[in-house]
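Same chain, two partners: subunit A is paired with subunit B first, then with subunit C.
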Partner chain A sequence: MADKPIKSDPGFVDEVKALGGINVEACFNCGTCTAVCPLSSGASSFPRKMITYTQLGLKDKVLESPDLWLCNYCGECSKSCPREAAPAETMMALRRYAISQYAPPGFSSFSRMIYRSRAFAWISMILISLIPLVLMLGLHGPINSSSVLMFTFFPEHYIDYIGITLGVIILGVMLYGLGKMYYMTTRGMSGFQGEGHSANGIKWLQEFTKTLFKEVFIQKRLDQCNENSKGWRERLNSEWFTHMTIFWGFIGLLITTSLGFLIPSAISVPLTNGLYIPVTEPIRLLGTLSGLLLVYGATRAIINRVNKSEIYSSHTYFTDWAFLVLLLLAGLTGYSLEIAYYVNSPLLTYALLTVHLIVVFDLFVVAPFTKFAHALYRPLAIWVSRARQYIETT
Partner chain B sequence: MKCRQEFKLTEGKKERIGVYVCHCGGNISDYVDVKKVVEEIKKGEPNAIIVKDLMFDCADASQSEMIEDIKAQKLDRVVVAACSPKLHEATFRNMAKRADLNPYMLYHADIREQSSWAHEGDMEGATSKALAHVRAAIAYVKSAEPLEKIKSETTHSVLIIGGGIAGLRAAIDLSRMGVNVMLVERSPALGGHVAELGEIYPYYTSGPEIVKGLVDELKGRDNVAIYTNATVMSYSGYLGKFEVKVKVTHRQPGSEYSEITLHVGSIIVATGFDTYRPPKGEYGYGTVKGVVTLPDLVKALGDGSKELIYEGRRIREMAFIYCVGSRQKPPEDGGHANLYCSRYCCNAATSQALTIHRRFNNVKIYHLYRDMRTYGRNELMYEDAAKGGSIFIRFDEDHPPLVAEDGDRCRVTFWSSLIENQPVDILVDLVVLVTGMEPRQNEELNRTLSLPAGSDGFYKEIHPKLRPVETNITGVLISGTAQAPRDVRETLSSASAAAAKAASFVLKNELELDPFVAFVNPQACEAHQECIKECPYGAIELVEELGKKARVTSAKCKGCGACVAVCPTGAIQLKGYTNMEIKSMIEELAR
Partner chain C sequence: MTELPEEAYDVLVIGGGIAGMEAAIDLGDMGFKVALVEKEPTIGGKMLLLSKVFPTLDCASCISGTKTSTVSHHPNIRLLTYSEVAGIERVDSGFVARVTEKPRYVDASLCTSCGECEDACPIIVPNEFDFGLRGRKAIYIPFDTAVPKNAVLDLDNCIYCMQCERVCPADAINFLQVPKAHTLRVKAIILAVGFKLFQAEKKKDYHYGEYPNVLTSMQMDRVVAPTRPYNAVIRPSDGKEPQNVGYVLCTGSRDRTVGNPRCSQVCCMYSMKQAQLIMGSLPTADITLYYMDIRAYGKGFEEFYRQSRDMGVKFVRGKVGKIEQKPDSNLTVYYEDTEGSGGMRKADHDLMVLSVGLLPNTEVAGLFKNVKLDLDEIGWIRIMNETRSSVQTNIDGVFAAGCATGPKDIPDSVLEAGAAASQCAAYIRGASASITAHEVPAGI
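Here is the complex of A and B:
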């Protein structure tokens, strides 16, 4: 009782409502949501606690809690809510809020505006797309219309330079966000910051590895969300499978791209002249398969959202559409590019290359400010949560 | 009034008694040897002309058999040994009536609840106890006297005390039933608390509109007399025949007040409630600017302005604190106010919140409650308020919120179990203390009426379920919030209930009351007046004309026996329970 009171921010509820917490005020704190949640546990109990924080305007409490990211948005809570307060939407809105708040100053308000204003989001996307377009229009080489010479049209090292510059900025922004999240979620916890940190080093590493394998590679918690679907047939139709295909598709493409840049010599055919690389070439094969997974996953996710078949696909924000559509477009333009190249249609190839690069550029630029950011925030939160539990039990 | 007070002894006369012992299927005979009881009575009681055991005494055939016996054998007393008299005494008294036997010459002895059921498995014990009961019953009927029901003429009019919505509703109902109504209101205007209220959920009718609707209905009814500025001075009489003195204050100069006497058959008390006033300092009341009670808020909302402004302060955020003065701990645990839940306050506060949400944009309301008791249809209002922008936070009784000044706003600190018991500060412009109802401070009237009150201080009914509007003064009824905290709907229903009950009394020309009342043997009375002091109903008076003797007004007497116990000379006794009757029963049981 001697604790210093926390200040309430009366405007926070409205902020969360604007970010998608459509009916958070209707909650009367019965706790049914927390009881039915397949992922909530004694140590990290949600969504009721998060909703209470929201109603009372305790925004720091929200940002200090890794629990926000332990939710995988299955929608069971919203289904069972007696007041139709849509707790799953509030959790989603709070994650949007956290993404905008963890971002560096300036980026933070940009992120918040993208979520809150559809017009702002559209204009931003168009302006962002103009950057690679202008660069390509300004920097492209001779257009050979008799045969496809892709890297004569746009030299590969330009792509690399632009990509590396963008990557460094994005990585910096993401690292800032991760750092802020780590700082806020572990503030005041002994063993995380300051003394005692190194003593737990090995344990930390163990927990980190566990998190990486269980929650990133096989995404066990998301699988747990679908409690009733344990057979393979159900698994293939589950949200978990969709998510896994998108995740692994994306990772595969990321690896392919990086390898292509790092070890060009490993690829038998010189790339600089943009000649055809055989499909059987391992790195290329990996890229093709990953692209298939990505296109499959993104398509299914989009279909789910169009049909609104589940709670988790019923409320779609502009940013959700943008992310999924960009993913799908990245895959589709990639394959179209290959086909155009294969059928030797030079002008189409150059056009598709331009579109493909714009899409990929957009995808990376908005990554730290939109749903994409969960790919890094969620594993960190899970790891912090595990570590917190470990500290509390020892 | 026909009331026979003479007391004759019947010694020397040979009684002719009928005794009917019941098997009650097996309920009695499984553990009471009914045949043995019959044999023993036959052996030991020569005046028992008929002694029988029957499978079911209460069966039609059995009753016919008893009637035949009474008539054929000229029986003048009957003992029925069966179930509890609560169940079938009236049945057998009616049977006696049909056989032209005075119904009070019958005694219903309980050998089921008292013997067979109480002593399962002990046949011998149960049988001997049953036998003792039957013998005591025979002793009673031997000394019993025929009694008559007390009959009382009635005045076809009803006095209603209190001109709030309960009084008005009761007045309308009675007037429509053809009963003359006299309504006495202390204040200059009708409508009471409701006249001061704003919109009332559901339908958002305002308090004054409700009052106007009721008053309009009363207007032009020629069997209704309304006295405002009037107070009840004294009353006397009994059901059917009350005499009430009323003081009416005049506003015209010259005559300050006049006294009028009203004659009524029944009285409805609808005197309403008082609002709980928090002592200075409770949740900052009277010490922190911007802390008000719910009724204060209601008044402030009444001006119809576009913005919510209280004492010059524009209200953007506000907090309601619930259960102020209600559901408190008992005084021995440090409580200072009422123990009970006032029921209406959760609903009243939520209703005001809804009104605020509807009338003003962007007012945030925090509701700090202990338990939301928006029962029944009000649950919808609770949900509407939450969806309209109200936030509900539960606090624990042991950690009530703190209210302090913070610049020109109020800082409310509270603890919620959902936030690891860490205190939270909210800054608000207005703190509304949700106060409940208290019994009306009305000592003069309470002394005049001497109505019983419950531990909460509200007037108490005889039985909350079986006799919900009657008090232990027959003919004096209670309704509305004089009886308990209620909302408008409940107040109006209870007023209609009281009106119906009052009509059932006064629309009869003659009332029949049980004859078990006290009576005085004038020869023995020495005017000690102990009985007068003891009587809770004011039924006994000293009459000079009789030579300073006590006299009982039978219609007022409840037969409680308090006077009998204190009389030093044994001059006052109860009919049906005379000292002789009781003594003879005890002697028989002790034999």
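Here is the complex of A and C:
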């Protein structure tokens, strides 16, 4: 480490500013942000360190630090910053930077452009939406206008094929990002790469399970973020609850879709030619409930951002809007589709199906390049950070 | 309200702190008639409250005490205490100021400051002199070296029991006093309105006013002064001698969240001064200064800083983020040690002192009725051209000195007061006080 010269990029500050670190140069390194942060600790201290890296142009230091993802953006630092340098925004901007940098080479500049240019983001979204639209226009079957025959209009296995193809690509991109992040954040740490790796295997697994339960399933750190919310009433109004509803809503729908594809026999009524499946059917019930959670969470998050009620909801970039609006649209079009289907309005059903599939397609395509990517990067970072603490204390 | 006949003076000095007193004495010595208006019942300002002054550790009241008595006995100075300027109007020959003198309810010409009234008064309220660390009566002599040394009755806290009136041997108590309206016609004005202290309550994370062992630096200065309350250095919650004192520098300075982005210039030095004085009183106490940058810029300041380090004062670079109280009323501070590897830290102290910053007295701009006094973006009086004159405001014939124009230390305030006095004298004598380069006659 010591024999390697430190590389500084003078343009890094401007890059971070363009990604939303609006006032990073104002910082005079007093450390108030770190001191008031409910999540910062002795071993992993932020955000001042990250801001110093930015000011010095040490972009590798930023990408090598899992601390970036330990921040849950509560905004306490921005509230108390004596320079009004908005440290929370800088942390957010650095996460955007990291998302773009962990992505595979070609996707990396695509991701960066989405963050930096609103016009580019709009055009990309429209072009991406054209893919499923063209596929549907080209591949759809006979349009029966007398009764709803959804899967005659667009056969179910087409959806499966497109979905699987897309899923494989997205998964590949995500895995590349995770791999790169793992490599960078553990580089130079003994016990992670090379010597001593296998000896700690069981411990790693334990830490991994802990991370999964505490940070993914119940998201304890996000709950800690809002120090004032102790009672359940406050919790229900907190950022944590909003996030939990979106997360579990999304997971629920993911499970519903996968189960529907993997074990069609689990659904008691055969899924052919759009026969009506009763609402009480377990998998469908899961989908309906998850959809409700998702719509509720996304709506609340959008309202927060419109009202700018908190620091974390007062600076909204295109990708934040895109993600939330796509989530909400996915939920709303899903329910509208069901209603149209139920009232037996064939043309409306076909149109809604098209829109619904486009929205879901968009949602998955942009996932690895936008804020959505934190769903995988954050748990990995927390795990690496826990493991690092374990190494340092033993 | 009693209207008094108009009086004429050469100069009106507003503010009876060290700068105002110095300017008034300088002008008085030159033969000008000066009216000095002070809103408090006594003169001396903030300097008189201090224990010692940095970096020489001279006794503050020994220096300002000579000024207060000079002012009160000077044949050319008319002193109006407990008086506030209600308005100033520009007229052809100068200015007309209306000054309201508040009633003391004590006849100053009769009062001998014997203190009998104080003893008789049953009401005790927190005093101003020690910033609430000690009590005073509703009728009180503000402090031992007060000038003028007369009792003053605080009617807001008085219960009209008339005990003071009964015991006063000089029959000086007079509940029938009403405010007096003075009209002063003057040729020039010196604004020496000083500063106000940052209200530490505004930094919510430090819990000043809520945790008993969090004090402001002005309170601490009283604690380390020879005339300290209880004659001991003790902490408020339980009277324990503090053994581990922490200082939060830049409380309310260089902080945009409270609207004061500027450095207050004196906090680093007075904090080190207090640290040295605490070490004098409590030789075994640990003292930690949490600072952002140490600004020891003046003559002898850097040496004073090094001396503090050598004496064992611990300097930690990092602004305290928050203070939490523990059940034993000790305090935990959260900060980031921004030197070295950095990182979030916690430390325990049994007394925390907030080194509060200096803020402008912006009300001064409202005194001028038919002219506008320029303030800078923070609210200090704007000096038109600092390279030409450090005391000339935007109004001809109006000068400013001391902390009225920005935070500064005592020597600089005294220096400016002298400059204001001499430029004011030149202005009155008819020479233009605003000579610009092209107006300088050829041949000079």
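Convention: the second predicted complex is superposed on the first by the 389 of 394 C-alpha atoms of A that agree within 3 Å, B and C clash if a C-alpha of one lies under 4 Å from a C-alpha of the other, contacts with A are read in each partner's own complex, and residues count from 1 in each chain.
Criterion: a residue touches a chain if its C-beta (ideal position, glycine included) is under 8 Å from a C-beta of that chain, and two chains touch if they have at least 3 such contacts.
Everything quoted here is computed from the prediction, not taken from an experiment.
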Touched partner set for A:Ile391, first subunit B, second subunit C, both or neither: neither
First, second, both or neither for A:Leu135, with subunit B first and subunit C second: neither
Subunit B versus subunit C as contact partner of A:Leu376, first or second or both or neither: neither
Subunit B versus subunit C as contact partner of A:Thr32, first or second or both or neither: second
First, second, both or neither for A:Ile251, with subunit B first and subunit C second: neither
Partner chain in contact with A:Lys7 - subunit B first, subunit C second, else both or neither: first
A:Cys81 touches, of subunit B and subunit C: first, second, both or neither? second
Subunit B versus subunit C as contact partner of A:Ser40, first or second or both or neither: second
First (subunit B), second (subunit C), both or neither touched by A:Tyr53: first
Common interface residues of subunit A - those touching subunit B in one complex and subunit C in the other: 28-29, 48-49, 52, 83
Footprint of subunit C on subunit A - complex, ascending: 28-37, 40-43, 45, 48-49, 52, 79-84
Footprint of subunit A on subunit C - complex, ascending: 205, 250, 254-257, 261, 292-293, 317-322, 334-338, 342-345
Interfacial residue positions of subunit A with respect to subunit B in the complex: 1, 3-8, 10, 13, 23, 25-29, 48-49, 52-53, 55-58, 61, 83
Subunit B residues touching subunit A - in the complex, by the definition given at the top: 316-317, 364, 372, 382-383, 386-394, 399, 413, 415-416, 418-419, 421-427
